[in-house]
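Below, each structure is written out as structure tokens.
Two complexes come next, and they have one chain in common, chain A, joined by chain B in the first and chain C in the second.
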Partner chain A sequence: MARSFLFIPGNVPRMLQNLDVFEADTIIVDLEDAIAYEEKDEARELTRAFFRAHPPHQPVYVRINTATQAMFEEDLHAIKDLPVRGIVLPKTTVKSLEETGAFFDEASINFDIIALIETPDAFFSIERIAANPRVKGLLLGGEDLTSATGSERTLEGQEILFARSQVILASKAHDKTAIDTPWTTMDDRALKRDTALAKTLGFDAKCAIHPNQVPTINSVLSPDPRAILQARRILAMHRKEGSMRFALDGKMIDKPVIERARKLLERAEKYGLLEGDRDDTR
Partner chain B sequence: MERTVTVGTLESSDCIITLRKEDNPVIDIDTIVHDAFYDHIKRLITHILAEEQFDHLSVYCQDKGALDYTITARLITAIKRYRSLDNG
Partner chain C sequence: MIHDNLDDLLETLPLKDGMSVSFHHHYRNGDHTLNNVLSALRGKNIKDMHLYASGIFPAHKSIEACLRDGNIKDITTNYLNGPVADYLKKNGIRGRLKMQSHGGRARAIIEGENKIDVAFIAASAADKNGNASGLEGKNPCGSLGYAVEDAQHATIKVLITDTILDDIENPQIKGAWIDHILVVADIGDASGIVSGTLNITKDPLGLRIARDTMRLLEQSGIIKDGVSYQSGAGGISLAITDQFNHYLREEGIKASFFTGGITQYHVRALKENLVETLYDVQCFDLEAIKSLRNNPGHQAISASDYANPNNEKRAIRNLDIVILGASEIDLDFNVNVTTDSYHTIIGGSGGHSDTAEDAFLTVIVSPLLKARTSLIKKRVTTITTPGQSVDCLVTERGIAINPRRKDLLERFETSALPIMTIEKLKTIAERFTGRPAESKNRLHEIGLVEDRHGERLDNLYMKE
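Now for the complex of A and B:
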């Protein structure tokens, strides 16, 4: 499971050529908001030429233009045979998902979809969006959402707390990846705090809009050493007791805690944070 | 009316491709890697023009170290834009 999703503009060669060095778990090549209207064709052609010549080493999604625009079909035709994992669908609604699915079927496209949840409408059908089998993750678009609601964006993020919780709950209910909105300033301390809040709430991953944000996001969203140690102890005691219910350090441990420890160690193993006995992850 | 199409930027690793209708079409390349890659870039542009059956215009390439995929993408975009002008 990815921790960081880095947006890269689809019209900048030096960015595309450096995907490998940014250390993001997943890349999102942007054909939408990062690209001026008169450069859309340039970005589409450049993205296509790049991935045909240089298959990526990490998962890549392409944020296409919205399903209500003519550029939606042009974007999909340009990327449909590229070695990318899927698309990020802006302003996702149940209707736009259905239209996208119909287009995929007609063009024999088998892409995954990350649903960008960034309009008030989407929150009234978020459960149906998350249930769509093509959807692999829900991404909260906090800037567009607060623009639509007229909310003031703040450092504390109270204005998007309810939206964040809805994205997390819908994602977890359908076993999809919950991806937090990007932090839009280059203040690393604030990014760290916002990412820590996202982790506390239950997000699996967070978007980055600049490569410099990736190390902070990866670091905060990785299991920390104390949590890894505690998870190891829980699973070791679980094996020793042969039970789903036991006491450790005076606290009762039961099935949900054991499952959480197991998932944490799986993530830690994926990110190369485990040393020694790999049996702990099983 | 003179029709000119320009695509790309002068940022590092990019190039600007300009298509222009002239009596005697030429391929003109201004590159920061002239000694090592001038001939390669000219072959690439000539090849794309032949593939696209589009050799009746002059092509000006201002190159800032673009890789082949970038030159290809910028030239194909320029050709598509020029064709859309013709169709418009």
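Now for the complex of A and C:
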């Protein structure tokens, strides 16, 4: 499970060349909003040439142009045989998802989809979007959404709280990755606070729009050492007691807590945070 | 004797063709003294001088005319870039260019290898007896560490200042050493000591290198109470210093000393009591100057007390960690910070080879790709620091440990850090760059790079 999804523009060679050193768990190469109209061809060609020559060692998605634009098909034709995991579909609706699925079937494309939830419409059918088997994650696009609703974007993020909760609930209901909207300034302290809020709400991951945001996101969304220690203790006690219900430090531990501890340790192991004795973790 | 006019001063000096003159570089690109003095000597038609400047910067435009017109025949320096480097690349030098290290220069002056007839020593304030410091006056530059040996050992010592005070507290230059005092309107612009490289990098690759370097230092087990540390002033080095401070703070560790060129990041550590002492041979920014003036834990030292290999009390003798840059490194871990791959001089050792030789852990940090070529060469264009002094290379795509350091290889055997051979790193770089063809330029030797002990490390060339 990824913590960080880093957007990099598809028309900047230095960014493409170094995408594997930014420490992002997943990369999203952008052919959409980061690319000016007159540079779309260049971005498409550069992205294609780069991935043909340098197959990535980490999951890569490509944010293509929307299904309502002519460039949608051009983008998909350009990337359909590349060694990438899938696409990020902007302004996803049930309809655009169906059209994309039909195109995939016709062109024998087997990409995963991350649905970008950034229009008011999408929230009225978010459960159906999340249920689509091609969809592997829901990504909240807070900037486009607040632009569409006319909400004022604030540091505290109250204006997107409901949308965040919907994305999380729909994702969890269908076992998909819940990905939070990017933080759009380079204020690291504010990014840390916003990422901590996303973690508290239940997001699995957060987008970065600059490589320098990745370490903060990874750090906040990684299990902290105290939580790892506690999870190890819970699982050790669970093994000792042989029960799904027991007391630890005066608190009752039951199945959901044990499952959460198990998931936390799985993530910690994936991120290389389990140094030392691994026997305690299982 | 106090003079208020440069020409009058020069009239009293035994000027002659072939004489040697020295200058320090504490004002870096804000220095006025070297240009003013050399222009005056040129006006007096002094020929074949040997210029001993501890550093030559783009502001030192007068040197070019002196080379062209035969006023300067030889140059010995520790650092050189800008128009003088361009001139040497195209025109060479009638005599010889010698690139030394900071510690090597101090040793060579003390031991009489660098024979200086007249040392011109700019100081921001002096009293009437020639006691001087870089801390007072209208243009403070901080420590005068690179001028101390000149002031002690040149045949004639001229102190140049734009501020005369009644009393100088703790003078780094003693009046007893000084023969003449020249009072001028302006010795330099203190803001010129600050350069664009003195800020933490914002480049994502640079920050990745800094993070991995810090992980390497943490896992090396070397950061404990009493640790000593030096970093250069590049953006990556400063990012590492910032993270180093953070680590000391979080872990409750107190370092013994930081040394070398001092910046606001070192000063911050001293203020926070993360380090006992700053041994300052050169201030790199205005915060450092202020700290040197006010904080007793911040001490000015001479170049000899910093890095002279024959000075048993030198600060870096006990240095645990040094972080250094590279323009090239080769498969034997030799490092070049003196020239680019076309033999153009772009810098010089400064304290690079001094600290690398003395430090327990010498870490080179650099992006793997530089100007569309690999940082790692089969053989560096110019050896500034021999590979036997270099322990680790940290790039954004991996870390190489010198096979000579078997202890480190063993320690990092199970590390999750991306440790690989330097050959593998070179292969990774060449996946992007291809292999550049060997240069077929005919080269003409113009000088040499010398190590701190006075041994020739490599030659310097111009294109024919």
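Things to note:
We take it that the second predicted complex is superposed on the first by the 276 of 282 C-alpha atoms of A that agree within 3 Å, B and C clash if a C-alpha of one lies under 4 Å from a C-alpha of the other, contacts with A are read in each partner's own complex, and residues count from 1 in each chain.
Assume contacts are C-beta pairs under 8 Å (C-beta built on N, C-alpha and C of every residue); 3 or more make two chains touch, one makes a residue touch a chain.
Keep in mind that what you see is a predicted model, and the values were worked out from it rather than measured.
By the touch criterion defined above, A:211 reaches chain C but does not reach chain B.
In the superposed pair of complexes, A:46 makes contact with chain B only, with no contact to chain C.
Once the two complexes are laid over each other on the shared chain, residue contacts for A:17 go to chain B and to chain C alike.
Contacts of A:259 after superposition on the shared chain: neither chain B nor chain C is touched. Using the contact criterion defined above for the overlaid structures, shared-chain residue A:272 touches chain C, although it does not reach chain B.
Across the two superposed structures, the residue set of chain A contacted by chain B and also by chain C is 17, 54. Within the complex formed with chain B, the chain A residues making contact are 12-14, 17, 41-42, 45-46, 48-50, 52-54. The part of chain A that touches chain C in the complex is made up of residues 17-18, 21-23, 54, 210-212, 215, 272.
The residues of chain C lying in touch with chain A in their complex are 202, 204-205, 207-208, 211, 396-397, 416, 431-432. Chain B meets chain A in the complex at residues 7-8, 11-14, 66-70, 72-74, 76-77, 80-81.
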